[in-house]
Each structure stands twice: as structure tokens, then as C-alpha cells.
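Each of the next two complexes has subunit A plus one other chain: subunit B in the first, subunit C in the second.
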Partner chain A sequence: MKSIEVKQLSYRYSAETELVLQDVTFSVDAGQWIAIVGHNGSGKSTLTKNLNGLLAPTSGEVVINGTTLTEDSVWDIRKQIGIVFQNPDNQFVGATVEDDVAFGLENRQIPHDEMHRRVKKALSDVGMADFATREPAHLSGGQKQRVALAGIIAMQPAIIILDEATSMLDPKGRSDVLNIVQELQDRLHVTVLSVTHDLEEAALADQILVLDGGRLQATGTPKEIFSQVALIQRAGLTLPFVPQLSEDLKDSGITLPETYLSEEELISALWQLHLKM
Partner chain B sequence: MAITFKNVDYFYNMGTPMATAGLKDISLTIPDNSYTAIIGHTGSGKSTLLQHLNALLKPSSGEVQIDSRVITAETNNKNLKSLRKKVGIVFQFAEHQLFEETVGKDIAFGPMNFGASQAEALEIAREMLTTVGLDEKYFDVSPFDLSGGQMRRVAIAGVLALKPDILVLDEPTAGLDPKSRQAMMDLFLELHEKRGLSIILVTHQMDDVADFAEHVFILEQGQLIKSGTPQEIFNDYQFMLDHGLGLPKATQFALQMRQQGFKVPTLPLKESELVDLITKQLTETEQ
Partner chain C sequence: MDKLILGRFVPGDTWIHHMDPRSKILISFYFIAIIFLANNVASYALMIAFTLGVIFLSGVDQKFFFRGVRPLFFLILITVLFQLFLTRGGHVYWQFGPFALSQYGIISSVYVFLRFMMIILMSTLLTLTTAPLMIADGIEALLNPLKKLHLPIDQLALMISLALRFVPTLMDETMAIMNAQRARGVDFGDGGLMKRVKAMVPVLIPLFVNTFSRAGDLAIAMESRGYNGETERTRYRVLQWHRVDTGAIIVMIVLTAALIFARN
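Right, the complex of A and B next:
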């Protein structure tokens, strides 16, 4: 089943301005992880806002789990989508961690016992159970994003959107958050859409969409995308470390059979070459 | 202009039961015209140390010598202004501090505060705008119409407008896209190499430490736990891993190669060094 379908979507902020999104078409299968990459100003955030109805398409349509996004369906559709935003400090409402996670559930009038159960489960899913009664302000950036994520898990959405959710975190915080999302995707089969300019993060996705100047420039698996160096550069992005290293090795005369994503793959390919010497 | 810390302690909430140590017995020297990295986890004391660099905080005991000025717990808060002109601090997410109607006025705010006439200040502002790599057309634009990366450049231009000798940068590239990140790191290197500014960089990015720093200080729980050149500190990779600080990507890759059975005589820090190492291994015949 298709979780997200975007059909010929165009968007402009006002009649006098240029199109920020032009004729964008793609679809995501349920349970997939998709990364939308592009530099600042490429149209990524505008696209995200069109997906949950914060903005309405100028033309084209958005279909979420089979339902077309309209003024009437927007409230039901928002229940299916959870978004973790960029700045960990801008998304807290509760006085304690557990209050914060419960906020969305209270809004939806989830019965008290059920709410308790879900909050507890969500906090343990993100490894923050010990922090339930702490004040959010005293947590590190990575911990805050994990709590934000718990707030979303508790709502049991079908789709999780990470909107530059790791760009303000230190390397440890970043990998903690991404590991948790990966595990959720595996275990609960949620669809993950990560909007990012970090291609190391995009490398975790099943599919990557490259956005530049409001247009979709390419779609493919990380391997397919990372083997197109010129495309990445045109889009104002930089290759992740391992594909970049492979490129530079090629330039200095070492022929590698394919594009590698992980250190292990590249090292074992190099070892093979070494043994053949 | 050098900065020296001698046995600096700093306590938050001094004289109350809530007193907690922010810095413990820090002694270090940041030489003139140097590029220094300060690393450590959130809460390790980096920001506290940073605020001692231009006497925003004064040591609870010990002393900080900035150029010829000695700052101790007893130092009067008056007459610190000249010091703050010499040491410019760009705080994290500096773009949040923009407030003026136009980019030009925002950059000119500092110089005017330090006594420049409006005409002089705007002249300096124009120069700084180009220094940070922004087109002159932005001069009369509202800073709030710019992208995040551009806004941060304006904030940095505002600090540079005071013509500091030392530029302190607290995670200056956090949240920027790769192109803006690269451009900004290049800008700092140019300011260091061509204009002789000392750069003090607080960062979590070990690749930036490897690529740019001449000297590194590592803080943990308010204490200086290690210092040295990037080569020295990353050679002690076990220490870096034990303290959860990570390694440059090239170094980490080389360590894995070593485990696989490759010969890695010296650990590379930069990607170019790693490329050389691999090329040598795969092209030179074994003796």
C-alpha cells in the first residue's frame, strides 16, 4: 500500500512570487524510510508543510494512506502524521517529561489508563523512562529530541516526519535519535520521511529524493544517488564520507567495482584488492 | 594577543548552598595568532570557559590574563570594554541576536556602541558584509528576510566590525547545510591566515578539529583532561573513545583497516592523508 502519494504538486506562497515547488511527483510505500535532501531554500520545508496540510497545494494533490488531503480530511490526516522539528527547545509544552509526552493524548481524549500505559511505553521505547518526572529544560539536545519522539510514538501515527530533527544535535545525540527511529521503523512498520541536508542521515533511507530549485532532480536508493557525484554537487550537497573516499580513491587510480555506503563494505573491497596484489 | 589561565576555578551561585563548580583548576595558554579547538560534552564547562575569555565571567579564584590585563575575582567591572572589543565572541545560533531594521545597521551597532560615528560605523559595516562573503545588495535588506546561513554571517560580521584580535566561535556551523558549513569554515581560516586573527573554536566535529586546529583543549566536568596538537590527541584514540568524544572519520576508517590487517604506521587525520595511505598500500609491492 502507498503511504504517501504526491501528484504533480506545485506551490507558491503568493500570486506574485515564483513557484517554490514545481510539479513534484513521488510515492512512498508503507513502512519505507524516505529521505528528502536539498540545501537550505531548496523547497524541502515547503514540501513537508504540504504533506500535513499546513499549506495547501497551488496545484496537484497529496494523498495520505489513500485519502486525498482536503479541508475536510486534514484533521484525520494530521492524526496519522507525527513531526519532529529541528529545534529541540521549541517543542515543549509540559512541565515534566511525562506531561509533555501525554499532551497530545490528552488533546485526543485518550482514556486515563490507556494514556498512562502509552506514555510509559513511549518513554521506554526512546530510552528516557528514567527521566519521566524531570523538567524538559534540563535535558541535553539529544534527550529533548528523544522526548519529542516519544510524544509522537505515543500517538501511534502511521507516518513520522523528521524535519531536520538531528541538525542541531551533537554526534552522539544524532546517532541516538536515528537508531531509535530505525528500530521503530523495523518494529512498528511506520513510514519515515526524513527531511535533511545531512547525507550521512539520508544514507539510512530506502529511497532518496533530491530536491533543488523546487524540482525533484532525482530519486533512487542511496547507492544509486551517491554514485552520481555531479548531481549531488549541483544540489549543493556533499557526499557522505565513504562514497567520497571511494571517489577520491578512483581519482588516484584505484578501481573499485561499485559504490559503497558502509566502512565495512569499502574496507573488505580494499582488502580483496590488496590480496590480489 | 595571548590568553593565559592560571589555576582558574569558577563556581556558579557562589556563597549559596546551591554553589556548583563550573571550572576546576584550569591552567592553559592560548598563544597569539593561533587556531585553537575546545572540545568536550554538553555540560563539560566549555561555555563557562568561553565567557572567561573576555571577562563576561570572572574567575572565583585564580587569574585570567588577557593580553596585559589580569582578571581576578576582585577585578572591577568597569573598564572591561576595551577587552571586549579585542575578544569577539560569536555565540551559538548567533542569528537569534539580530534585531535591527537593516543588515547594515545591525552590523554597525557594535562600532557605534564603541564610539564610532554613524558614517564611520556604516562604512565598516559595508566592508564587513563583503568580508563574510555576502553581496552588497543585502546592506539595506531586513536581516529577517535572509536565510539562516546568511543571517549567521551577518551576526559574525557584527562581531568582526569591532576589529577583534581574537575571534571566539561557539559551534558556528551547527544546523547549516554542507555548502554553507564549508564556506563558513573557509572564512574563519582566511581570517586566521590572511588577517592574523586568533581563532578559538568550540566544536563537536572532530573532522573540523583535524582539518583546522593547531592546538586542542579537552574539557570534562569542568576540568582540563587533555591538551595537545590534533595529531597528539587523536593518536591516543582509546582515550578519545573512552571519553565518548569520537574521532575524525579518516582516523576511524584507518583503525578499522588496521583491524582488517592493513599496515597503518601513522594514523591519518584528514581524508587526503587516508587516500595517500590507501594508495600506497595498494600500489607499492610488498618487500
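Right, the complex of A and C next:
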């Protein structure tokens, strides 16, 4: 079964304004990691809000795990989707770390003992067990995002959406959060949808969707997308260092067989290059 | 941060720290009420002994209590002076127009002073030994019966706990905005009252705007996590009544009896 199906989704904020999303159609298999990339104002955040019913589509349809998103199904669908938002402070609801993790469980009327067990487990999953009684003021941005992740893990959703979740973090905080998500995906086979303008984060995905001007411009694996330099530039994005380097090498006449994502791949391709020539 | 009443909690591991916030809040209010029953040296001595005893038991450094009294110093001073010079009765030592220094004046001003001190010390003790969150929980639990009148106690409690949670965040933000305005040449420390108040305007406006956008984000995050404001929620933290609390209630009953015996 498809985890997320979006069919001809269009959205406008009010009748007078232009469409922010136009005819967006895509589907995601369960357990896949999808990245939606685009610059600011490309419509990517509007798209995430349409997925869990924070905004209602102007036209088109959203189907989550076989359930069509309607006014009646919205609370059920929200149970299946966990979203980590951009600003670490503005999504921290609880007065302490453990309270914050418990917030979603309280909303879902999980019994007291079960709640304590899940909070403990989720906090140790994100490596924040020692911080359970801390207040948010004493945590770094990366730690707060890990707590936000724990809050979502505790609710055991089928889909995790990272809505620019790493854009306000330092490199260490960013890699911590992404490592945890990767590990979760391996272990629990959740579907991950990461919305980002950071192509390095997008490189972790199985599929990348490029969004520009509210339209889906391209879909493909990171390698396929990164080799289309013109497309990336039109979408207002910057290639990560290694794919950029391999593109530059190609431009200067060195024929690499493909676009590389990791430094190791590029290096081994380079030192074998001479043998093949 | 230090000046904020709610931010003064001093963690500790004493009987008083372990008491349930409900019993602590109730007892604090009860104590403040029965202070007004004291009317002679013996009864005041009893109440003072109790206050000092409880402060000693809490193990909290005395300097925190002085800090609690300091902001109210002028209020105490003015009230005491009023009592001292405007009360008539007994032997009059000195008189000038409507003001007089009389025997009753001296006695009642001392009583007012003691009453004030005890009320402040006891309420300071409550905030020093109880985490703000626990106080919020306690208030919520005590207000719970009002749900029968369809008052939104749960929402109110969530509001209080969110407000507490955002105090440090907004403090940081205020500092950041003030620094940004300082860098643009705003002087916060100089000039008369009006000038200083005016200097705060360019701080308050961005703070207001940002707070609204934060609130919007927060609402979205809460809704995404299944909060809808209507359905009943289960509770992660549950207040527990301990033997210490029952003990404390018994102590208060004994104190009341002793007080009634001591007063004339």
C-alpha cells in the first residue's frame, strides 16, 4: 500500500491570491525516504500542511495509508503523521523534556503507566534520557529537536515529516537529528518525508521531488536530480560539494561515468579513471 | 530572571520539598488567615516560632528570604508608619497635628510589621520550595471542582504551564532585541522616566510581533500532535498525597488549637 498519495493537489490561501500549489501529484511507498526540495516560497511548507489537514486543499486529494483526508478523518490522520517543525523553541510545549514528549500521548489519552514507559523509551531512542527533567531553556537547538523527535517516536506514527527541521541547527545538531531519523527508518520502517532546501540532507533520500513555483518540476533519485544542474539552479538551490565537484570535473572535460554523492565514491572513481582511459 | 517570583525555586530534599503542592498551597493560605487571630505577645510568639521553624526545616539559605522581602520593603515601611503615627490610645508620648506617637500605636505597628513579615516569609517559602510547574499543578487540582460549573480548568492549566515555559524564551528574546536596538543607538539607561519608557517602545513592538508568530507556530505544532482543546486528556504527572501531607495538616490543627489557647 502507498503510504502517501497526493492527487492533483492545488492550494490557494484566499480566492484573490494565486495558487501556491498547482496540480501536485506524487506517491510514496511505505518505508521510503522522500525529500521535497525547493527554495523559500516554492510551496513546500504549504504542501506539508496540506498533508495532515492543517490546511484544506483547494482542489485535489490527499490519501494517507489508504484513508482520504477529510474533515472527519483529520484527527485519525494526524495520529499517523508526526511532524518536526523548523523552530526548536516554538514546538516545545512541555515545561520539561519529559512533559514535552508526553504531550502528544496525553492528547491521545494513553494510560498513565503506558505513557511513562513510552516516554522513557522514546527519550533513550534519541539519546536524551539523561535530560528527562531538564527545562527547554537549558537545551541546545539540536537537543530540542531531538526531544521533538522523541515526542513523535512515542506516538508511533507511520510517517515522519521533517519540515526544515534541521535548518536552524548547527552542523553537529543537524547530523545528530538526521542520524536518529535514519536509524529509526531502518528499524521501524517508517516513511520519512523531509522538506528542505539543503540538498545535502536531500541526498539521504530514496527519491527527491523538486518543487518550484508551486509545481512539481522533477522527480528522481538524488543522482538523477543532482546531474541536472540547470534544473537545480532554476529551482534556486545549491548542489552539495561532491556532486558540484563532479559536475565541474565533467565540465572541464574529465569524463566521469556519473554524478557522485559521497566523497569516497568520487575518490575511488577518480583514481580508477586513469586505468580506464 | 532572579527577580521573577516564579523563577525563584531552590531545589532541595527536605520534608517541605516533598510535600504535595496542594497541601502546601492550602496550608500557606490557611496560615495567612490564622495569623489574624493572633492578638497578644504569646500568640505572636507562637506564630513566629512556627514560621522560623518551618524556614529552618526547609533548609533554604536565609538570603533567599531577604530577597523575597526586599521588593516589598517600602510597602511594609509605609504601612508600619501609618500604624505608628495614626493610631491613638494609651499613653501619648508625642503629638504634632494629626500625628501622634502613642502606646497603642507602637504596639499595633509592631504587630502589623510581624504579620507582614510572616505572610511574606510563608509565601516566599512556598515559591522557594515548590517548582513553578508544581504550583501550577496544585492550583489546577484545587480548582478542579469548578469544572462542574463548566469552567475551562484544563485549558487554563495548560495556559499557565505554557506561559511559565515561555518566560525564559521571551526573556532571551527581549535581551536579543534590546541588544539589536542598542547596536542601532538606542540608550536604555539614560534620561528621565518618560525617556526610558519611550526607549522601551522599539523593544516591545518587535517582541509583540514575534510573540504572536511564536503563538501561531505553537498552535500548529500542538494541533499536529493531536491537541484539540475539547477531548479529555490523560495526565503524565499525577500529584500524590503523602504521609508528610497528612502530618502537615495535623500540625496545622495543633497550631490552631494552641493559637486559640494563647490569644486573649
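Note that in this section the second predicted complex is superposed on the first by the 273 of 277 C-alpha atoms of A that agree within 3 Å, B and C clash if a C-alpha of one lies under 4 Å from a C-alpha of the other, contacts with A are read in each partner's own complex, and residues count from 1 in each chain.
Keep in mind that, in the parts below, a residue touches a chain if its C-beta (ideal position, glycine included) is under 8 Å from a C-beta of that chain, and two chains touch if they have at least 3 such contacts.
All of these numbers come straight from a predicted model, not from anything done at the bench.
Colleague: Between subunit B (first) and subunit C (second), which, if any, makes contact with A:Arg108: first, second, both or neither?
Modeller: second
Colleague: Look at A:Gly253 in the shared chain and tell me whether it touches subunit B only, subunit C only, both, or neither; answer first, second, both or neither.
Modeller: In the superposition, A:Gly253 contacts subunit B only.
Colleague: Could you say whether A:Asp99 touches subunit B, subunit C, both of them, or neither, answering first, second, both or neither?
Modeller: It touches subunit C, and subunit B stays clear.
Colleague: By the touch definition at the top of the document, which applies to A:Ser167: first (subunit B), second (subunit C), both, or neither?
Modeller: first
Colleague: Applying the touch criterion given at the start, work out whether A:Gln182 contacts subunit B, subunit C, both or neither, answering first, second, both or neither.
Modeller: After superposing on A, A:Gln182 lies clear of both subunit B and subunit C.
Colleague: Counting only touches as set out at the top, which of subunit B and subunit C does A:Thr70 meet: first, second, both, neither?
Modeller: After superposition on chain A, A:Thr70 lies in contact with neither partner.
Colleague: Going by the contact rule set out at the top, does A:Arg78 touch subunit B (first), subunit C (second), both, or neither?
Modeller: Only subunit C is touched by A:Arg78; subunit B is not.
Colleague: Between subunit B and subunit C, which residues of subunit A are contacted by each of them?
Modeller: none
Colleague: Provide the residue numbers of subunit B that touch subunit A in the complex, in ascending order.
Modeller: 41-43, 147-149, 174-180, 182, 204-205, 244, 246, 249, 252-253, 256-257, 260-262, 271-272, 274-275, 278-279, 281-283, 285-286
Colleague: Which part of subunit C faces subunit A closely enough to touch in the complex?
Modeller: These residues of subunit C touch subunit A: 132-133, 161-162, 164-165, 168-169, 172, 214, 217-218, 220-228, 231-238.
Colleague: Taking the touch rule as given, give the residues of subunit A at its contact with subunit B in the complex, in rising order.
Modeller: Subunit A residues touching subunit B: 39-41, 86, 140-141, 164, 167-168, 170-172, 197-199, 236-238, 241-242, 244-245, 248-249, 252-254, 263-264, 267-268, 270-271, 273-274, 277.
Colleague: Quick one: in the complex, what on subunit A touches subunit C?
Modeller: Result: residues 49, 52, 54, 75, 78-79, 81-83, 85, 87, 89-96, 98-99, 102-112, 115-116, 119, 135-137, 151, 155 of subunit A touch subunit C.
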